[in-house]
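What follows is subunit A paired twice: with subunit B in the first complex and subunit C in the second.
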Partner chain A sequence: MNSEYKKGITPMHLVISGVTAGVCIVLALFAIILVPVPGLPSASGFWIPAGFYFVFTLWFGIWGALGGHIATFIAMGYFSGYTLHIWLDGGLGDFIAPLVTLIIFRALKADPELKTKKDWITWIVSVPISSLVCGLWVHSVNLAFGIITPPFWWIGVVTYFLGDSAAIFIVGTPLLKTLSKYVKASPVYVEGIFS
Partner chain B sequence: MNYTLLFIIGFFVQTMVMISLDFANSKMDKNHRYYQLLQAFRVIIAASLIWLMISFFAQIYMGWISFPE
Partner chain C sequence: MALKTFLTYVPKDSKINKIHPVVKVSLLLSINIIAWLIEDPIILFLLFLIIIFNYKIFRIPLYGLKKFLLSTIIILQAIIVSYIFGSKIPGKNIYLILPWGTYVSEMTIIYIIAMSFRFTSMLLGSTLMLGTMRDRDIIYGVTCLHLPYSLAFIINLSFRNMGIFIEDYSRVRDAMILRGGKFSKGSFLEKIKNYIYLAIPLAILAIRRIIEISYAVEAKGFGINKKRSYYHDYSINLKNLILTIFILSLIPLTFICKIYFKIFIFPGVISMLIK
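Moving on to the complex of A and B:
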């Protein structure tokens, strides 16, 4: 990142959250390819927006994750029939998941440009871990609230694990590889979690 | 508003955003600190539009999108 830029949280980071939410909400509303798994609230087979908000989170830290969370929350509201706590549960899961990847990237000092073998391994390992954490969170909460029955719990977790990971790898990998160098040259690139 | 109409409106809104970004980017100085970020967002929105096109046809197949006879 260009060192001449002012460090710290700036209003532009909030703008970035808004922009990422704007991009993700259209996808969260319309870019669902497979029918959601019957009997499983908030589980789509191939969750394309995840590919985008994971990338935004690796570039813009918590502000990118926040944008993804806002988009998911609003989009799930559109598909009515879901109660408020299902929105919150799914939206929070989609907030936690990219943050897990971000924390792993920062802890291992991996680069989102995916230049070295270490960067690639971090990306390939952290995405399934994040998707699993998200799936476990969302469906354990659903189970605790009696929204799903125990036999559907593991189906939901596996659906999240596979569907989110596939979408993130297919969409996220080319975006990270090709665009990270441009974003890193901008003042809003986040080197840590918040700034 | 039905889903098909909402989808088409969403697609057009995002297309307009992309055209606006393209216009803003073309008017911007190449040394401007947000020049490269704007370029990155143009590509992101283009990728998003491609996914919307793929999902449009997939959703016709799935029966989510339909047109009056």
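Moving on to the complex of A and C:
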């Protein structure tokens, strides 16, 4: 069914990004209000939307990541202003991170349904790698804009790595395990990266 | 009479409403990049004053910025903590030497002030432009820049979906409370567990919505590469085009001034005052 309908990029892919962004904006606003992190701008100790847009990226390819990117920028901007710093920092960081997981999943041909040991290992390994890449990016941007100094760069990267990985595992794993089968049977599932 | 924008209300006869969205987007980019390139605290302070002055000129109420106040304080304290405890900026007087080798000089304090003005200038400048735009401005601005209409479509859809998702969230949450679910009681971990139970039905609703909207969009003949017609005319005139080019040219000009003429570099003008 999927191969019959999915020929290149269709309006459906744009809808995926728009709806993912709409969902994640609200979750991001909740996350910032519920678990704020003193000392870090527009950050949350438990970034709930990460769990969603990581899973949505595994289901819907780059379109899920794009939705996460728009959501983070809009939500963080709502609190900290729509600046170039915020866009580069959280916005672009949250676009790169799920893409890293997606590329690892597609390269290793792992299944988001997490059926085999290989799928589980891919999920358990790829999420911390993505969080580390994102943490390195986010705090390098903070450093480049003069928000933090080099000694605080390491602290930021380590806390980001731990906090983000925990949120993705806690929120994302049940979503993958319970809904992947349902999504794979629907016409919106993206097998590759773009379509 | 006032117009409702994303962040505030702007008087209908304010000159900012006459500025083309492309000019606003280029100003947004320029303010952010120029503030990023400049290190001189005096110049950054002047930039900050210019932006505040523009709020007066365009009669944009500053109360719309109230919600950014807490975040600004958080970012400023992050800058202060980071530089006080983690920097080595040489100066004439050293006020504090920390056990891990960093120190605080008068230049550290000046640098903190410079970085604070850099961030507040970016914040106020961005809000001045983006905060006074409507969703229509963004969509037409994107198309005027010859960026794909798809991008404007995604942004608009995400804003529309926010409201729908909040309704979904309330409905699912209420249903779970009626079945004995507790969201306000319990430890942090228990609360997280409850929110995970909430996440599954919300994800299902989001997937169903993607399918429904996709069919609706396809049924209406929406195509990614199809040529479109527009209800409003946002074509850019010569005056706005020249203004856009001038605003964007300020970015390389600032860069050249910084690299070749060594101006805008910290401590800049203030070093002459200290001598």
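Descriptive notes on the structure:
Note that the second predicted complex is superposed on the first by the 174 of 195 C-alpha atoms of A that agree within 3 Å, B and C clash if a C-alpha of one lies under 4 Å from a C-alpha of the other, contacts with A are read in each partner's own complex, and residues count from 1 in each chain.
Operating definition for what follows: a residue touches a chain if its C-beta (ideal position, glycine included) is under 8 Å from a C-beta of that chain, and two chains touch if they have at least 3 such contacts.
Predicted model only: the values in this text are computed from it and were never measured.
When both complexes are superposed on subunit A, subunit B and subunit C clash.
Touch criterion not met for A:I168: it reaches neither subunit B nor subunit C. Put subunit B and subunit C next to each other and count what each touches on subunit A; the higher total goes to C.
Judged by the touch definition given at the top, the superposed model places A:I9 against subunit C, while subunit B stays out of reach. Contacts of A:T149 after superposition: subunit C is touched, whereas subunit B is not reached. When the shared chain is aligned, no partner comes close enough to touch A:I62: not subunit B, not subunit C. Legend: residue contacts after superposition of the two complexes on their common chain; A:A185 is shown touching subunit B, with no touch to subunit C. Contacts of A:H85 after superposition: subunit C is touched, whereas subunit B is not reached. Within the superposed three-chain model, A:A28 lies out of touch with both subunit B and subunit C [touch as defined at top]. When the two complexes are overlaid on their common chain A, residue A:L132 makes contact with neither subunit B nor subunit C.
Of the two partner chains, neither subunit B nor subunit C is touched by A:V100.
In the superposition on the C-alpha atoms of chain A, the part of subunit A touched by subunit B in one complex and by subunit C in the other spans residues 19, 22-23, 26, 48, 52, 55, 171, 175, 178-179, 182-183, 186-188.
Across the complex, subunit C is touched by residues 9-12, 14-23, 25-26, 38-42, 46, 48, 51-52, 55, 66-67, 70-71, 74, 77-85, 145-152, 170-171, 174-175, 178-179, 182-183, 186-188 of subunit A. In the complex of the two chains, the subunit A residues touching subunit B come out as 2, 5, 19, 22-23, 26-27, 29-33, 35, 48, 52, 55, 171, 175, 178-179, 182-183, 185-188.
By the touch criterion given at the top, residues 28-29, 32-33, 36, 67-68, 70-72, 74-75, 77-79, 81-83, 85-87, 100, 102, 115, 118-119, 122-124, 126-127, 130-131, 150, 153-162, 164-166, 169, 192, 195-196, 199-200, 202-204, 206-207, 209-211, 213-214, 217-218, 222-224 of subunit C touch subunit A in their complex. Residues 6-7, 10-11, 13-14, 17, 33-34, 36-37, 39-41, 43-45, 47-48, 51-52, 54-56, 58-59, 62 of subunit B are the ones that touch subunit A when the two sit in their complex.
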